[in-house]
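Chains: A, B, C and D, in written order; residue numbering restarts at 1 for each.
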Amino acid sequence: MRDISRSGFRDHPSAEMLFVVSAIKRGVSLYSYQEEFFLRTMSLEDCIAHAASIGALGIEVIPEQSMTGHPHIPDDQIAQWRAWMEQYGTTTSATDLFLDTKRHRDRWLSHEEQVASVRSDIDLAVRLGAPVIRAIINTPPEVMRDAAPYARDNGVRLLLEVHAPFHYSHPWILEHLEVMHAEGGVGLGLMPDMGTFVERFPRVVSDRALREGGRKDLVDYIVDLYDDHGDTHALMDIVHYRGGGPVEMGLARQATHFIYRDPAEMLPHMDLIGHVQAKFYEMVDDTTEYSIPYDRIIPVFEQGGFSGYLSSEYEGNRHIEDAFEVDSREEVRRQHAMFATLLGEKPSTDSKA
Amino acid sequence: MRDISRSGFRDHPSAEMLFVVSAIKRGVSLYSYQEEFFLRTMSLEDCIAHAASIGALGIEVIPEQSMTGHPHIPDDQIAQWRAWMEQYGTTTSATDLFLDTKRHRDRWLSHEEQVASVRSDIDLAVRLGAPVIRAIINTPPEVMRDAAPYARDNGVRLLLEVHAPFHYSHPWILEHLEVMHAEGGVGLGLMPDMGTFVERFPRVVSDRALREGGRKDLVDYIVDLYDDHGDTHALMDIVHYRGGGPVEMGLARQATHFIYRDPAEMLPHMDLIGHVQAKFYEMVDDTTEYSIPYDRIIPVFEQGGFSGYLSSEYEGNRHIEDAFEVDSREEVRRQHAMFATLLGEKPSTDSKA
Amino acid sequence: MYDKHILIEDSLHSSDGDRTHASVEVRMPYYRGLGLSMVEGVDLVVDGRPIPADATTFTVRGTTYPITGLAEVLDDRWEMGEPARIDFDAATPLGPGEHTVTAVVRLRISYMPVPGGGRDTKTLTLA
Amino acid sequence: MYDKHILIEDSLHSSDGDRTHASVEVRMPYYRGLGLSMVEGVDLVVDGRPIPADATTFTVRGTTYPITGLAEVLDDRWEMGEPARIDFDAATPLGPGEHTVTAVVRLRISYMPVPGGGRDTKTLTLA
């Protein structure tokens, strides 16, 4: 049940209805459980079961992470995966491909080899039952173009992950958009990573710099400048001018890789958007991500008529792992509590509403 | 005589007058002759004489370049300098200070030491008869603030060089502006470097990358993206995704350090502007710098009522030195031919007028 | 990422009687598996002494490769979280008890312009 | 900048009879002079053999400093375009005729976040 009073969904065609259930679906990328999966404290089945238990029924998988033998993953692993999907009532929402252009020490992968690599990952997506594939940001537009027919023939769609610091008017993305429009948007599309909407500097990142001995004044300076959405172009220079060392310079470098753009910039591209990576750094509670304003992002997807998956990507693990126990399950659970509220699945738990 | 038909000086209070002579003065920073001075093919006197010969009567000097023994430059060198100014009818337009915060290998210069360094350079400016001093971009705002009284007491003004990639709405400059406004703009001010108005990618830079074996397609990509004023934020990433090596990555890095801003952004700050570093990369002929649109920059200074020096800073030397003989005199001469035309000193030599 | 999990506790073993051959187990500090040709090296420092790369081998799932030959291996992988055994020759016999071991894993990650990998130092007890 | 002008032509001289001591002149690749405490080093490679820093001295205007001691020199400068003489001990006597010399000048420039300086390689004839 959506609480209209705080949703701000005025432009949505169904805004007048009180008990609308969103067309947007919830899912999890198993990237989110990487800490526990690496340490073997969660099995692959545990990851799937956890997602299912919180109603996140679309499972995004990085085959090179969750399975072995890529790209020739044995049939028994594929069969097991499909059996789990059946058993837990889940579905493969997406697979993530990498493009190892530096596979050979002494030469770059040729264009033909790059296209072949993508085709191989298309085969794998088909075996796993995924309708869309995350194409990593370093995939060149011409490789997307030449892999598109094979994707179409196999009934899947290659979606370029729009990852910070790229955005929808960046030259690299503009080149990709040109290729996608020429292709017709059948075999190609976009997979926005919500890391392009980092409105507040993630405190898990600045807190770590402080733990590593970073100067409080410079850490504050970097965070404040970022939060004011100031020009980070020469931030490393400034921190250097103020006598910053490796920790402070490293934090400044990270600040130049975060970006905040208006989520509405996605609207003109909504037809190309087939899946969303719901990046997050820290769930403060069941309603709020510290950095990324999902309460203003989700209305944009509603307005655009998006009906794919919001797929959790928990990224805080690596920023707290030095000092804290990572609890990926709790972080993912909280994000989905927030999603359920924002999508109108249940009443808001926000007492301030 | 100004050719009104092409000057576009409509907003200038004297635009109706046909034979107005601009209040803006011409000068040269001896930085421009660095190649010949380094190689001892021009003496210090030769540099001054050349500037005077082309009517550039304001001489900006980097004491650490043109003289020896900084900061305790011997009296005889100072006396000789003043004698040359007299002899050639020139004047010391500015001195340039550096702030060696890393003077000690194992520690940063303290705030007090930084202020003392600036005060010492103020003393030197007074000895050389300079009314303004270039404060290098890494000078912190609080050092400017605490050195300002000494500048005022000595009748000189410390001008922060606004150097690319900084600009007038950049956080670092905003902090400086706050200090300048609090100080009243008597002892402090700005020295814009025209390198913030690089509209076209300098071909001397891209040509060198080609000489060093850079891939033509990537060099063209970088130049075109820059010339379209596309977002250079992740340009190095793109060049990397396309298989660029050290030469192409180096060119991409340089592209992120060039910026083009609207020259009109200087207008609100005109009262603070005491001197202008007229950076240039390549004079195509007597009328045109390849990258920087002086024909649209000078009207902004006219409109703002600027009456200080346009001080040549030839920067092309280091980009052609590998393959060509540097002829600093000819480059400076051409820039001043252009200035004379744009300032209305003589009829336009532009046949397309 | 995963830096503190590279060296596996209790994994330091000597593999012969005179204790000049030993092994330690390491995990790759990365969130997916990688083809071995993209593993640029696993450098060990034992009690302050760097172990030369050519005195080191790399073993996954029973197959052993010289560390210096990994660049040529296009048909095998180091999987996510998978322990690899690094066998090495110590210049002098390793005594029983505690040893300070540093492992530096160097990776070639295609989407990163800078080298990938990580570093871990632990005090391990020779079993 | 100025990289190709670092090593001065015709400046390689041997300073003793057995040709194990020699000197070469270098200029600083920078557009202003600099206090010597900011000269991090002048590294020489002669005929492919690196000369150890502690076998090298630095001389300007008649005053000689050990290269390894420049960081402490707060009252002298290397001026713009000024030749400095680098004296060094060669491990083996330098024969008459041509030698390949590389000079790497390393500078600490306060406004730059990365190391400054430059590198030059020339074939110089021992006088």
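Assume a contact is a pair of C-beta atoms (placed from the backbone, for glycine too) under 8 Å apart; a residue touches a chain by one contact, two chains touch by 3 or more.
Fair warning: this is a prediction, and the values are worked out from it, not measured in the lab.
*Asks:* Compute the centre of every chain as the mean of its C-alpha atoms, then state which one is farthest from the centre of chain D.
*Replies:* Most distant chain from chain D: A.
*Asks:* How many angstrom between the C-alpha centroids of chain C and chain B?
*Replies:* Result: the chain centres lie 53 Å from each other.
*Asks:* Which whole number of Å gives the spacing of the CA centres of chain B and chain D?
*Replies:* 32
*Asks:* How far is the middle of chain A from the middle of chain B, if each middle is the mean of its Cα atoms, in Å?
*Replies:* Chain centres of chain A and chain B, defined by C-alpha means, are spaced 44 Å apart.
*Asks:* On chain D, where are the residues touching two or more other chains?
*Replies:* 111
*Asks:* In chain B, which residues are in touch with two or more of the other chains?
*Replies:* 101, 137-138, 237, 240-241
*Asks:* Show me, using the given definition of touch, all chain pairs that touch one another.
*Replies:* A-B, A-C, A-D, B-C, B-D
*Asks:* For the complex, give me every residue of chain A touching chain B.
*Replies:* 101, 108, 137-140, 165-167, 169-172, 174, 225, 228, 230-231, 233-235, 237-238, 240-243, 256, 259
*Asks:* Mind pulling up the chain C residues that touch chain A in the complex?
*Replies:* 1-2, 4-5, 27, 31-35, 37-38, 40, 71, 74, 77, 79-82, 108-111
*Asks:* Of all residues in chain D, which touch chain A in the complex?
*Replies:* Touch list, chain D to chain A: 111, 113.
*Asks:* Report the residues of chain A in contact with chain C in the complex, numbered from low to high.
*Replies:* Of all residues in chain A, those touching chain C are 31, 34, 37-40, 62, 64-66, 68-70, 98-105, 136-138, 317-318, 321-322.
*Asks:* Which residues of chain A touch chain D in the complex?
*Replies:* It comes out as residues 236-237, 240-241, 249.
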